[in-house]
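Naming follows writing order (A, B, C, D and E), and every chain is counted from residue 1.
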Amino acid sequence: MTTVAAWTIGVLIFFPILWIFILSFKAEGDAIGTPLHVISSAWTFDAYGEVQGRSDYFKHFWNSVVLSLGSTLIGLAIAIPAAWSMAFVPGKRTKDLLMWMLSTKMMPAAGVLVPIYLIFRDLGLLDTRIGLVAILTLVNLPIIVWMLYTYFKEIPGEILEAARMDGASLRSEILYVLTPMAIPGIASTMLLNIILAWNEAFWTLRLTAASAAPLTAFIASYSSPEGLFYAKLSAASVMAIAPILIMGWFSQKQLVRGLTFGAVK
Amino acid sequence: AETTITVATVNNGDMIRMQTLMDDFYAKNPDIKVEWVTLEENELRQRVTTDIATKGGQFDVLTIGTYEVPIWGKQGWLVGLNDLPAEYDVDDLLPAIRGGLTVDGTLYASPFYGESSMVMYRKDLMEAAGLTMPDAPTWADIKAAAAAMTNKDAEIYGICLRGKAGWGENMAFLTAMSNSFGAKWFDENWQPQFDQQPWKDTVSFYLDLMNNYGPPGAANNGFNENLSLFQQGKCGMWIDATVAASFVTGADSTVADKVGFALAPDNGLGKRGNWLWAWSLGIPAGSQKVDAAKAFVNWATNKEYLALVASKEGWANVPPGTRTSLYSNEEYAKVPFAKMTIDSINAADPNAPTVDKVPYVGVQFVAIPEFQGIGTAVGQQLSAVLAGQTSLEEGLAAAQQLTVREMTRAGYIK
Amino acid sequence: MGQITLSKVVKQFGEVTVIPPLDLEINEGEFVVFVGPSGCGKSTLLRLIAGLEDTSAGSITIDGVNATDLPPAKRGLAMVFQSYALYPHMTVRKNIAFPLKMAGMSPEEQEKRVKAAAGVLNMNKLLDRRPGQLSGGQRQRVAIGRAIVREPKAFLFDEPLSNLDAALRMGMRLEITELHQRLKTTMIYVTHDQVEAMTMADKIVVLNAGRIEQAGSPLELYKNPKNIFVASFIGSPKMNFVGGQVAKYHNAATIGVRPEHVMLSTSSGPWKGTVGVAEHLGSDTFVHVNTEEAGTITARISGEVVVKHGDTVWLTPMPDKIYRFDAEGVAI
Amino acid sequence: MATEHSKSAGRLMVSPAVAVLLIWMIVPLAMTIWFSFQQYNLLYPDRTGFAGIENYYYFITDFRFQPAIWNTLRLVLGVLAITTIGGILLALLLDQPFWGQGIVRLLVLAPFFVMPTVSALVWQNMFMDPVNGLFAHIAKAFGGDGYDFLGQSPLMSIIIMVAWQWLPFATLILLTALQSLDREQIEAAEMDGASVWSRFIYIILPHMTRAITVVILIQTIFILSVYAEILVTTNGGPGTASLNLPFLVYLASIVDNDVGMGAAGGVIAIILANIVAFFLMRAIGKNLEH
Amino acid sequence: MGQITLSKVVKQFGEVTVIPPLDLEINEGEFVVFVGPSGCGKSTLLRLIAGLEDTSAGSITIDGVNATDLPPAKRGLAMVFQSYALYPHMTVRKNIAFPLKMAGMSPEEQEKRVKAAAGVLNMNKLLDRRPGQLSGGQRQRVAIGRAIVREPKAFLFDEPLSNLDAALRMGMRLEITELHQRLKTTMIYVTHDQVEAMTMADKIVVLNAGRIEQAGSPLELYKNPKNIFVASFIGSPKMNFVGGQVAKYHNAATIGVRPEHVMLSTSSGPWKGTVGVAEHLGSDTFVHVNTEEAGTITARISGEVVVKHGDTVWLTPMPDKIYRFDAEGVAI
């Protein structure tokens, strides 16, 4: 009973993804037919062939990897010390600071595009991975800091004190004791950030041209082509989301634990 | 040394096809490498506008339309193309198209393909209904035909028209249609005209057609959605871009051999409801690689390229609507929609688009920078009217009000 | 090595004074236990000595050197925390070696010392496990190992046994005592368990609201508590206190008598009462008697006595074991 | 944990990071504020200068402004309602032992990884299309007509798309919270005679408050700035039916190329977001403590 | 009211049999304690009685009614959990009133009963706090309050004191005992602390791997343990066991002698040894002696004796207090 209900709902929620997966293996003419027709018609790799022929998937894929990993690592490097200070040497303003950081995430990106574009132009960062890494770092930093902060707060201060008694300098304390202890938290922060960076579709589209464009730009060229496009769009979508989906599935335990933002003790 | 140029282009079929033919270009220009940025039309326009206005310099060749070229050319943002080599044969360009891309005697972009709009219809359905479509129909003919062909139970809708909001979507169609009803955007003092009878006539006729004979969800149908519907045989008629002709008669279409073409309808007022557009290649003034860019533009838009496509993909797939010579080519004349396309293009006059005199150029748009925003906002209003969310009167009143406001702010209305 | 002197040490948190000026002398090799009720400042005092908190005033001298402003690492003390504060991501070996690594010792030397410490604590087999794979008692040992390995001038323990269950507690108590007998290093030990204090300490320091109520050897405190507070804190079960007429008769505001010094009779005695609860431990019996004259009195009787709830009994305090206190609670 | 030594050393070591962080966040904000008082339209390079509050004035008096505010709120509340209620129900379901629990978890989690653009495209074309969409096909199979989701209920359609993407997030946080509930508490309630429903209302739901709070907070942050889904599907229409604040800002700054007005819109959006955040923190912030 | 009978009760988790067929009779008003090592099935047995687990076989009768298939709420029993399982989001008042509310009682009646229970447990002042603001002992009391208020046929306690510190434990132990004497309701109490078992129980049930090793009054178990398992479990400090020659001499495989039955002399006795650690409690001294003949023996001496680490002493077990066990560990 539970099994049936849970599976039904699980499959329903997953269905859109399953459906584009199926459509991506159909000919365009078949893909637009009734569901029964879709299921029963012939399977083909044509859509994938066409998509790959039309755009350089691997370049976009590699850019996505570099951007999401790069921004995540830099973000962590900045956020770990900041979160350390907030969690272990809190001031009166710590909570406010955190809230303020989060509120900057609510700023509509469109409103800042031109200023950023101008800065990027002057610094020669347009269409470079470095520039995008910087922007994605900036965009996701509040979330990273917050996640790490909630994690660090759960680490007993006694352990850091023990390290201090043991003669560790502040650097050693963070490097040898805090960071390794927070590995699960850091890992899930990384995962979430990679996902957010991978799916970010405003800046990645508007600050890149050819060389730094990630998969979001790749998918943007399929959003309204001419003629029948269900199969091609499905194939492109599958190619764009598959890597992150697979990564997410493999690491879901980590991810879910970290996603709770300290909500679950 | 090798030069790499970045080409921004829309994801339309003809452009995609160009990307598959690059071997020819590399053979002829071994030291130039081309990087593509392919985006959806609106995305591309915004992306390119930001870049050129801020002199970001990320692109060396831009795909832009007849709306941008006059505005940008005037700003000095584009490199003049008067010095293209002789074999480019600038005089071969269709005069209407060339006129739309020229500012003060300088050609600022080279047309890749040009289009107007026309009626595409199902010959078989017309026949079954006992009707024939004149080559130059009136709106009344269209309505009668739509009524006759509609069979909702069989999922056949008499007419498919654009309803999706956007200055390049429903407003392109409606503005062109309004021209044939004697309507206009602005009078000679830049006063918006949505509160006048001709606009009301236009929109109510449009609503009448769509509500009675159109497909469900038309308020979200743009070019592409309608194309899908037509290819599946669900539309009796479709009034849209002439380039669609090659798709509805192409391989993906279930009705390829049953399509007839006619000029866009009129109302006896001397203007037909068709537009004029050309996707063209321009070079931003900030480009560091103008020579390479010019070489590319020349390759992509001269006569040889047409021949190249014809040899690889057949005449039906040649980018249409740019050159006189194409239409005098006998092979091309066999293409079923060739004549109707050139007739449609010739029927449009960007410099005198409306029945009355107006202070602007552009058939289905108004070539001022504010038009994108205003057109989109008005488009939303009319889309809401089509979706039944507001009434015709309210929609037009809102359109009038917002247009007045924006034009006042921009300083046109003193 | 291991002589610690606190003079006029004060600690304030914001407005609140947790430790008023306090003087304390800890001799070399001594096992000093801080006891006192929760919140009385035991941990704070220990942390001041460790250098984990700054003193607000006063000075701390370690082996004759003024250590008041030295950082924790420079004081040469080792601390065992209540939670043990083991590094969960390191093996036992790495945990123990950590202070040596921080001191920049060579890996060979580290290994040698770790081996030695592990030998002392009998945990050679555990070296490659992680803290998560250890039982409470084993963790405790690792924490001590981490302290030993640095050969500190003194060990500081903050309630190291309070997370263990009763049985284990007893064993670990013995181990620490034996360790002290072996190493002869100064140890400062915080607890609020008076059995621990009694059995382990050379010197007990009884704290109350940051003040030292009394300091001395366990038996001294047991035999001559300076005041009611100390008397009630030392000894288990707790001393019985009686006021009123009975006390007046002894020329005191309050008298105290320990349960082990109360004799029980089924026939006669000065205090008559009914048995409330009788706890039969086999070896002893704790009888809680509700008397008219003296309120509820607990008596501890060796071996087994047959009394039940509701029985009428008579109690006699041993006359020479009666403690007398004045109205301020100070012993007379 | 707090000697002057460690405090000052800590501050010193952390200050560069915090500074970088602050600069990173302040620079765009300051530039936005600066531009919001400037005349700056990309297509009019020669019209520049101080604009006073004109940009703000025009942004706020735009007839689309009010609908945009309401739609923003509706969107947030709609998605929150679906995801939290749905999330709680799903969490309760997935918490039961059943065959294939791990796989179902993965299935439910999947939408969280899908790019908003892809999700919108897929929903719009393959599901909600009134002629070719799957829903239309199903309706037709039962003799009905395809429903014009995006034309007739545009905002609802967008809420569905966004909710689909965020439901996994809510479900998994709530599920984790549910699993952290002390079994003994449920048993105690059982001993106390509480029915299944009473146990849910009095024990389980209060236990999840904190998790629900986090779900609401995080989702609000992200949903307040939803824009890709609207861009791909309805462009805010028909009319203003699905226009939200970020999209209005997008229209001003990118479609109109009016940088000054876009910046003003951005500033207004931030102010409103902070007001929302403030009330949110007031209302539920205490649940986040300890 | 409160007569509970288990007959042939079996509990299996999957393949594993945790409780083999077990019979047990609990009389009305009795205070029964289940003791045994960790994992022996104490909690399981309690939960079977509570109805939180289904029996795999056998039947449970409560007050003559077959309750084997009744849901927990219908059995009329109340349970106090090890973690107390207080509802953290409700005030103390609401916590205590919860079972009444679930029973559909009117608010006035609820309030009346809560007040009464609070009075009994002396926590009127705590009613508006939340569990998070209470100390361990106070929480314990709330948990008991929640149980009392329903006037159950029997109380079930699962290690209710194991989360408390030693001092508090003693106090709460007394409180529960007094409560039992007042209410005279059947109580079933699980612990692995034998001091608790000894002091509280009318009847102790010693469990080992789901089997009942021995059941009887505390003193019965103290005096006549059926086997080594029971002997070592009951009594504190633990009984000393000696095998080898010494045991053979007593015609047994092992002999046992309790610390309180070992006499210490500085001059003579059968077992010579050196003092390891001497723990001075004031009232008693525990001396741990390493002997040659009998290994390490603990002796408990009343009052204060002056022995130090390393002293040579002689030990004498009281001859009539020697327990003899055969090779299977069964008492002879």
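By definition in this document, a residue touches a chain if its C-beta (ideal position, glycine included) is under 8 Å from a C-beta of that chain, and two chains touch if they have at least 3 such contacts.
This one's a predicted model, so the numbers in the text were calculated from it and none came from an experiment.
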Using the touch definition up top, find the fewest steps from subunit A to subunit E.
2
Return the chains shared as contacts by subunit B and subunit E, ordered by label.
D
Note: of the two pairs B-D and A-C, more contacts are counted for B-D
Rounded to the nearest 5 degrees, the rotation mapping the CA atoms of subunit C onto those of subunit E is 175
Cα-centroid distance, subunit B relative to subunit C, in whole angstrom:
90
Geometric centre distance via CA averages, subunit C-subunit A, whole Å:
53
Computed distance of Cα centres, subunit E from subunit D, in Å:
54
Could you tell me the distance, in whole angstrom, between the mean C-alpha positions of subunit A and subunit B?
38
If you look at subunit A, which of its residues touch at least two other chains?
32, 113-114, 161, 164, 220, 222-223
Contacts with 2+ other chains: residues of subunit B:
46, 50, 54, 228, 232
Give the list of subunit C residues in touch with subunit E in this complex.
162, 165-166, 169-170, 173-174, 177-178, 181, 192-195, 198-199, 218-219, 222-223, 234-237, 258-260, 276-277, 279-284, 286, 288, 300, 302-304, 309
Sort out for me which residues of subunit D touch subunit A in the complex.
1-2, 6-7, 9-11, 13-14, 17-18, 20-21, 24-25, 28-29, 31-32, 35, 40, 42, 90, 93-94, 96-101, 103-119, 121-123, 125-127, 132, 134, 137-138, 141, 164, 167-169, 172-173, 175-177, 180, 210-211, 213-215, 218, 221-222, 224-225, 227-228, 232, 245-246, 249-250, 252-254, 259, 262-263, 265-267, 269-270, 273-274, 276-277, 281
List the residues on subunit E that touch subunit D in their complex, please.
50, 52, 71-73, 77-79, 81-83, 85-90, 98-99, 102-103, 132, 146, 150
Subunit C touches which residues of subunit A in the complex?
156, 158-159, 161-169, 172, 176-177, 180-181, 183
Touching residues on subunit D, where the partner in the complex is subunit B
41-45, 58, 62-64, 124, 129-132, 145-146, 148-152, 233-241, 243, 251-252, 254-258
